[in-house]
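The following blocks contain the structures, represented as structure tokens.
What follows is a pair of complexes built around subunit A, which joins subunit B in one and subunit C in the other.
Then we have the complex of A and B:
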């Protein structure tokens, strides 16, 4: 599947909107798949720009522990003309300060996805109205973010049995 | 009229007979729902974490168990992600068989849902008839795959079983029977007041809200949005198959029923097309038992019966994924349910929640709390359903 020129144009427009210096990297591995890594401080601007260009549907948000930080990917899918193209906005934040602004004011449908990422990798979405657990139990230990690589399954089990939850 | 009292009604979470429990805390003013809060997660099993310490073949069978209804969806979508990462070409016949199984799964899922929806509004006769007819599909599923639930047909590189000629004949016959029944149910539902009184104008989701709240699948299409992964981002052989994306603009529970009936009829046509054009040749390419995947990043999108399903694979090379992320359609539709509930009667809560076809298990045990006196009492799903149906008998 060959990616067409309009894919490159989408990236070019985004670079123009948030400033080329804020786009760290981008790739189009195949048709209808675009990945753009940007600086975290430009996240909201990028999401706003894309929603105005019909990337209104958020498929999900993925949080990935990449060792020296957490990578958060916002998978936005285009509705309307040119539908079906998925653009993944990638931001990387340091382990010492895993926080990002919420995008729920731009896309209300992101609310549970942000809570899910908070549950599993501990990203704090500043401005989100309720970051209580969505997938994990209410009594889940506050410092255990199970999808961080430092938490082995055995350690999580041990921790849970210590607090009488296993 | 005196001062109105607000009640909090926690709905859920657990019912041993049903799948995927969820809790809805519902705030009511008299008979009206004024707010709803959703708390899923009671059945979280840590599957994403588990994938990081398993080989790709092991994950294949683990993901089959994400959902009993749409096991083919998770399994095949995983295969597509791994095959894309490996740059593996799959034989055409395998992709046709995958498509057939995919659409058969939609038939059994939608007809199961239609029966459950009939039950929720107290129309048990319809429920029994639909589930009887659904057995035609279940029997065919079993004959093709050897199983009714976890079909285990797809594998990395193709499919594990072929469909022999005599089974193709029986499949066509079965589809004819099933098609006739679904057409009959659709015509019946469109004029049957038992259904219309409980479904028309109930659980409204405007097109604007549907998009803003990121609804997926039949829920989105019943609000008039023409969005379907099979058409928008074709996978398997959907770029070769002519089919229509079914929408309806009623934005209510009735529209969600109609969209699913239409989708079943369309799925039957898709299966027939696949049977007519089934290519000859091998059904799989051999891959090693210990599959090695190069460094890659893949997003695999899929139109499950309940809507868009997304798998995200990140491989850093080797025999296990670095990260595997799954978002199933129900989570995508929960914010929309919250919106749909507001402004409706308590009596409509079961059918509105059921109308997104959640991996069903919401309205099971509920505590009614009077926030002023702190008195509380507990109803289970059956009691709420009976309350709803009785309320409609007295008030319509």
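Then we have the complex of A and C:
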């Protein structure tokens, strides 16, 4: 199955909704898979727009350390008509200020995913009700985000030995 | 053989503790308890509470979060108590070796009496480990 015109239409509608200048890049590598890179300020608008077009299921949120910043990907899957299409919204935020607005008021199920991304790469989701550790242990030091490249395993082990672990 | 040793070696009651295991070893532990391999013929029986158990069967690598819980379960067991590490992860962290969040084996946290290697450990290996532990106790 080839990437059909309705895939392009989904992107076009999104571009219209949040403004074409806010869409940095987009690609459709294969059928039922869309990537759209947008500016972080327009994240909530984009998510709201997509949920209104049956992209109601959030598969997961992933956070990636890309060197000079953190890229956060919101993988939304379409339910109902045309289901199975996954659109990944890519948002890049600078290392100096790793914060994003929460989307839990639009999709409540994103709570756990946002907590996980906060655990591992330290993105602060402004407006989230509780960003306490969900994957990491209770005693985990607050400023250590293990999946950031700057944290080497030896450094983490050293920090843990300071609090009497490992 | 004294009466106490006789009684002890013929009813080693087990408590099974899953310390962040992938469930592979847990299934094999259950297979060892089932009629095909049948640890029960040595008097072993799986108990639900550490207070009733003599042998702690640990599977999986020891993460930072589970460490305190494991020690707590261990301390609830009455003396004399024995620990069996089942599988590569419990013996020496397996593929999780040197991860930022794991201890390299159960013996870094609590003393271990028998190691059963394998990923996952085979039920016959678990049976062999239990029998070796019983021999160590004077069966």
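Note that in this section the second predicted complex is superposed on the first by the 165 of 166 C-alpha atoms of A that agree within 3 Å, B and C clash if a C-alpha of one lies under 4 Å from a C-alpha of the other, contacts with A are read in each partner's own complex, and residues count from 1 in each chain.
As a working rule, contacts are C-beta pairs under 8 Å (C-beta built on N, C-alpha and C of every residue); 3 or more make two chains touch, one makes a residue touch a chain.
Keep in mind the model is a prediction, meaning the values are calculated, not measured.
Undergrad: For A:107, using the defined touch cut-off, is the partner it touches subunit B, subunit C, both, or neither? Pick first, second, both or neither.
TA: After superposing on A, A:107 lies in contact with subunit B but is clear of subunit C.
Undergrad: Could you say whether A:137 touches subunit B, subunit C, both of them, or neither, answering first, second, both or neither?
TA: both
Undergrad: Pick one for A:146: touches subunit B only (first), subunit C only (second), both, or neither.
TA: So A:146 meets both subunit B and subunit C here.
Undergrad: Counting only touches as set out at the top, which of subunit B and subunit C does A:9 meet: first, second, both, neither?
TA: So A:9 meets neither subunit B nor subunit C here.
Undergrad: Spot which of subunit B and subunit C makes contact with more residues of subunit A, would you?
TA: B
Undergrad: A:158 in the overlay: touching subunit B, subunit C, both, or neither? Say first, second, both or neither.
TA: neither
Undergrad: On subunit A, what residues does subunit B touch that subunit C touches as well?
TA: Dual-contact residues (subunit A): 136-137, 146, 153.
Undergrad: Flag every residue of subunit B that touches subunit A in the complex, lowest number first.
TA: Checking each residue of subunit B against subunit A gives 38-41, 44, 46, 48-50, 53, 84, 211-215, 225, 227, 229, 231-233, 297, 299, 301, 308, 310, 312, 314, 322-323, 325, 327, 331-332, 334-336.
Undergrad: Under the touch definition given earlier, write down the residues of subunit A that touch subunit B in their complex.
TA: On the subunit A side, the touching residues are 29-30, 32-33, 35, 56-60, 62, 64-65, 73, 75, 77, 79, 83-86, 88, 107-113, 116, 120, 133-137, 146-147, 153.
Undergrad: Could you please specify the touching residues of subunit A with respect to subunit C in the complex?
TA: 136-140, 146, 153, 156-157, 160, 165-166
Undergrad: Name, in rising order, each residue of subunit C that touches subunit A in their complex.
TA: Against subunit A, the touching part of subunit C is residues 63-65, 67, 98-101, 103.
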